[in-house]
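You will see chain A twice below: alongside chain B first, and alongside chain C after that.
Let's look at the complex of A and B:
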C-alpha cells in the first residue's frame, strides 16, 4: 500500500508564481530595451556596475522584507535601522580602530532593533505595522543622536572594502549579494525555520496547534531583517566612505514595492526569494533609467507611488478572480 | 390576528441526496412548535426553505390559506417570518435601539439628523410590553449573549414579524439567561407570536412547546401535541429502528493506561471529569453542543491551563497549559473541529501541510532531507487515500473530505502515541467518512490511544470501544462495547431526567 499512485511529477504549470516570474522577466527586458533606446549609456558595463551597486542594498533589505512579508507582517523600520546600525558601526570603528569591532557592532545594532520589533510583534502579538512604525522613528532618532546630526568620514580600508571595491567593472558587493541570496534560499526552502516562516504566514493558529512555535519564528524573522539592515549599513558606508544619519531614507518603501512586485502575497504564506530578486531588478532598472533619461527628479516619487498602487491593484483583482 | 403558515408536500434534493421528502409542516400564532431530529435529518434545510435561502423542488407554502412565494430572504421578511441565527448579527458599537432600527432609522422631520430619543422610546415601549428590563441606550458590546439574543428577537418583532425561528437558542446561555428567555417566549405566545424552536434538549421542549415535530432522513416521522407524547417516545422516533447497529471488529488486546484524567473541573465548561484511556483504545465523548467536551480536549492538549484536577500522560502529571509544542513533542496530536480556522495552512502545499508536525525528524545537518519528506508524505497520502493532483498542490484547492484526510495524515508518524479528534467527520461526505473511520481503526490497531469528541450518535457507536455521555459539562454514564444502548445514550445527551 505504500506504492502510492501519487508519483506523477508535478506538472509545470504556467500559473500563479511561475506566470508572474515570466511576466517580470519580460518587463525587465522591455524596460532595458526602452531605456537603451532612450540613452545609449544605459548598456555600458560601467552603468551596469553602477546600477547593480546602487541596488545592492535594496537586494539585501528586500530579501529580509520577503521573510517578514511571508509571515504576513511588514517592517517599516529597515531604512532607519540602516542609518542606526551604520552609526553604531562607524562609532565603534573610530573609537577602537578595529574593522572587526565595527562590523560586529553594526550587525549587533541591526539585530537589536530587529529583536525589539520581533519581541513586540511575536511575543506580545502587537500589529507589525504599528510596532515598526514606532521603531522607524525610534531608530532614526537614535541615529541622529549618535551622529550628532553630522556625517562621520571613514578611511579604514577593511571596513570600506565590501561596499567600495570593484574588480574591473564588477563591484565586489554583487557576488556578495548573490551569496547571501543562495544562503537565504537554503534557509527558506531547506530548513525547518524556513517552513515555519511559511506556516506562520499561512495560518498562525494552525502552526501553533501543530506544535510549532510561530511566536518564536516571528522574533527570528525580524532579527534576520535587522541583521540584513546591519549588512546594508556596512555596504552603504563603504560606498560613500562615510557614515550619514539620513541614509536609508524611503528604503522601506522601495523594499516593500519590490517584494510586492515579486509576487509575495500581502497576507503572507505565498512568495519566493526569486520573485523578490526580479522585483528589485525591474524596480531598480526603472528608477535608474529615469535618472539616465533625465526625467524630472520630482516626478520620480510620483512614478514610484504609481508603480506600487498599480501592483497592489493588479494583485487584488487577480487574487479575487482566482478565489471564486 | 390568527396567522398560520402551512408548508405542504415540500421536496428538496441536493444532487443525489433527498434532503426533504414530502414534508408537511404547520405553525399557528400563539404557539411554540419544537422541531427535532439528528444531524442531517433535514431540520435546517426545511427552515432555509421557509426563510428563502433555499428554493424547494416541490410543494407549496401557504399563509392563512393563501399560497405565497418565498424566493429570497426578503420575501420571508415580507411574510412576517424571521430567523434568529446562532451567530448573532448585531453591531457591537451601536446601542440597542441603534441596532434595532438599523437600516430604517427615524429622522427628525426632513432633516438628516437621527431622532435617537424617539427610537429609544419606541424600543422601550416594546421591551416593556414583554416585561424586559433593558436600557435601549446601552451599547450592544456591553450585553451578554442572552441579552443580545433578546435584542435580535425584539428587532424581528419590531419589523412586524409574527413567526420567529430559533435554532438551538439556549446553547450559549447561562442558566439565568435561559430562564429569562423562556419567560420572554411565554409572553410572546400570549401576544400571538408563533415560534419554531429547534432544539435537542428534551426538558426545554416539553417545558415550553405546544407541539413537537420529529424529522428523520428528510421526512416527518412524528408530529404530536407535547401533552400527548413523552420524552422517551420522541427520542425513539428520532433514531428510528431500521438502522442496523454496525458490528465493529472485537478486539481484546488493550494496552496500559496512557492518559488519565482525574477530577478535572473548569467552572463553566466541565465538572469533575475522571476517566482513563488505554493504548489502542478508542474512547468517545459525546453530548450536545455546549456539553464541555471540546474545552476538556483543549485542557488535555495543553492549550488551556485554567482547570482544577490533574491530567496524567504516560505516567507523568502534565503541567497545565504547557502548549501544543510540548504536547506534539511528547507524541500527542490534535485534529481540530474547524479545519479552515486552525486545521490547515491554506496557501501551502499538501506536502508542507502533512510534514509540519514532525519536520525535525527529516533534518540532517540542519537541512531538510527532501527524499525523506517525500517518502513520508507519499505514504501518508496513500494510506489515507487522499485525492490530490500532486503533493505540491496547494491544499485550499482540495475538497473538504480530502482536507480532513490531510489533517489526519499528519499524525500517522510512528512517534504518535495519543490522538485527540474533535468532530472528525464534520462536513464531509460518506465516502471520506468511511476512509476516516478506517484510519482511526488502523491507528488504534497500532497502539495509539484515541480520544474522540463526536456529536453524531451513529458515528459514536460505530467507532467506540468506550463511550462517556456528557450533559452540560457533567458525565452522565459510561458504556462499553458492545453494550451501546443508543436510545439511552441519546436520552443522556438530551438531559432526560435532568432538570434544566
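Let's look at the complex of A and C:
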C-alpha cells in the first residue's frame, strides 16, 4: 500500500499542481501580452532567440534542482559548480587541445562536486543546506584557483558549438535543452530511480524501511545535478567564448526561485519537471520584458520578489483549501 | 588662406561630418549604460549624474532628442550578457558597458557594431570596442601610494590594502599602481592585502580583523571609497582616531572628511562627474567628433592644501595634478560644470 502511495503522486496533489500550472500559463500569457504591447520588439524572432538562449542554462540547472528538491534537499553549490567544472573543462581543453577531453573533464568535475554533496547528505545524513553551502564556497574557490582569478579565452569551434551557434534565430542549445528535458522526464516518471526520488522526498525513513536505499538515491540525485552543472558550464563557455571564474554567480537562487514557482514542494515529494520549465519560462520572460521596457532596475527586483511571493501565497491557500 | 582653400577645407570638414554621422538618426541620441552592479554610493552618484545629464542635454538641444536608461547586472555575468543582448536588439546609438569581464563580451561587441551601435567599454579597455572609457587606474593608484609616502613622515608606517574582486582588471590595475607608489619609499610596510570584492560588509570585517591582528597599523588604503565608510566607522568605534585612510573614487562624503580628518588622500573620479562625462562623450560622438579610442577620464588626486604642501616638501612630484578639497567637492557635486551642455556648445 505504501509503495503505491509513494510512487504515484496522489490525485489531490496533482490537482493542486495542475492549478499551479494553469496559474503559471496565465501569468506567462499575461506577461507576454503586456510586454508585447509595451515593446513590439518583444515578439521579434531575434528577441525570442535571446530570451531562450539566456535561460537555457537556468533550464538545465533548474531541472537538476527539481530532482534535488523532490528529495527534500537543496543545492546551493550549482552556480559555483558551473564555474568550477567550466574551469576544469577549459584547462583540459587548452592543455590537450581536444574538445572531447574538455567535455569529459567538465562533466566529471561537475559530477565530482555532486558526489561530494551526495555523500555527505545521503550517507552521512548531514543537512543539505549546510553541505551545499560549504561546497558553494569550495567550488568557487577552486574555480578562482584554477583560473588564477582571470578568464581563459577559448577558440576551439567544437567546444564552443553548443553554446555559441544559432540556426537562424534559433540557438542550437534550445533543442538540446528540450532533449535533456525529455530524457530527464523519462528518468523521473518511467524508471525505478524516478520513483525512488519521490519516495525519498516523501519520507526518507519509510523509504529506508521499505528497502529502497534512499541514501544511494540521494547520492545519484546530486551527481545528476552536478552533471547538469557540467553541461551548463560547457554551454556558458560557448556563449562567451571564454572560461570565466565568476560565471554562475547567484544561479542557485534563480534556479530555486524557478523550481518553487513551478510548484515543487520545499519539503520534497511533490512537483514535476513541467512546472519547473514553466517557472523558468515565466522568470525569463519577466527579466527579458523588464529590460526591454526599460523598467528601473530597482523595481525589477521588487517585481520579481512580488511575483514569487504571490505564487507561493497562492500555493499555500490552495493547499489549505484542499486539505480542509 | 584664399577663398578656394577655405572652400575646400569647409567641404572636407562637412564631408567628414556627414560621413561619420550618416548612419545615425540625426534627431535622436539613445544611450544605454549597463553597469556591473549597483551596490555602492559611487554607483548611486554615477547613475544620478547620468540621468541628470540625459535630461540636461535633451533640454539644451532643441534639434536633438536625447534618451537614456541604465541597467544593473547585480554582479552576475549571465545577467549582464542577457541585458547586453536584449539591448543590442533594441539598437540604441551608444552602449556604455562596464563589463564584469571584458573577454566574455567580445562576441557581443561584434554584434553591436554590426547593428551600427557604438560600443564603449567602461573602465576595462577593450581592443575591439569603438572606444574605451578608462580611468588611468595605475597612475591614480601610484599617486595614492606616493601621497602615502610623502605624508607618512619617513617613520616606519604599516598599511593594509583592501583590494577589489579577484581578477577584475580595474581593481588589479589600482592595486598595481598603489603598490608601485608605495615602493617609491622604504618606510612603508604593506602588512596585509585582501580582496573585499567591492563589498562594504566584507570591508567592515576585514577592518575589524586587521585592527585586531595589527594593533600598530597606521593606515588603510582602498581601491574604492566604498571600503572607507565601514573602515572609518570601525576605527572610530574602536577608538583608533590615529588611523589614516587613503581612498579612491572621490565620493563626496569621503572628501568631506579630509579637512581636519583622517582621510589623507583620495582620487577624484566622482560618480556624478563620470555620469555626466558619459553623456557628453556620447553627444560628441553623435556629432561626429573624433575622440581618442582610449578616452581617459580626468581624475586628479585630492589633498588638503596643507597636506599638499607637506607632501611637496617631502618630495612629492610637482607635476601630479592635485585638487584641493573645495574645488574637488564643487566639481564632484556639479558634474555639469565640466561636462554639461555648455561644454560642447
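Rule of thumb we're sticking to: the second predicted complex is superposed on the first by the 282 of 324 C-alpha atoms of A that agree within 3 Å, B and C clash if a C-alpha of one lies under 4 Å from a C-alpha of the other, contacts with A are read in each partner's own complex, and residues count from 1 in each chain.
The rule is simple: a contact is a pair of C-beta atoms (placed from the backbone, for glycine too) under 8 Å apart; a residue touches a chain by one contact, two chains touch by 3 or more.
Every value quoted in this text rests on a predicted model; they were computed, and no experiment measured them.
In the superposition on chain A, no contact is made by A:197 with either chain B or chain C. Of the two partner chains, chain C is the only one that A:244 touches; chain B does not reach it.
By the touch criterion defined above, A:265 lies against chain B but remains apart from chain C after alignment on the C-alpha atoms of chain A. Once the two complexes are overlaid on the shared chain, A:236 sits against chain C while remaining clear of chain B. In the superposed pair of complexes, A:223 makes contact with neither chain B nor chain C. Once the two complexes are overlaid on the shared chain, A:105 sits clear of chain B and of chain C alike. Once the two complexes are overlaid on the shared chain, A:186 sits against chain B while remaining clear of chain C.
Of the two partner chains, chain B is the only one that A:208 touches; chain C does not reach it.
Legend: residue contacts after superposition of the two complexes on their common chain; A:24 is shown touching neither chain B nor chain C.
When the two complexes are laid over each other on chain A, chain A has no residue in contact with both chain B and chain C. In the complex of the two chains, the chain C residues touching chain A come out as 38, 69-72, 74-79, 81-83, 85-87, 89-90, 100-101, 103-107, 165-167. Residue ranges on chain B touching chain A, taken from their complex, read 303, 324-325, 327-329, 334, 336, 341-348, 352, 355-357, 359-360, 363, 366-368, 370, 378-379, 381-383, 388-393, 410.
Partner chain B is touched in their complex by these residues of chain A: 1-11, 186, 190-192, 195, 198-199, 201-203, 205-213, 265, 269-270. Within the complex formed with chain C, the chain A residues making contact are 41, 44, 46-47, 50, 53-54, 57, 144, 147-151, 153, 164, 236, 239-242, 244-251, 287-288, 291-292, 294, 297, 301.
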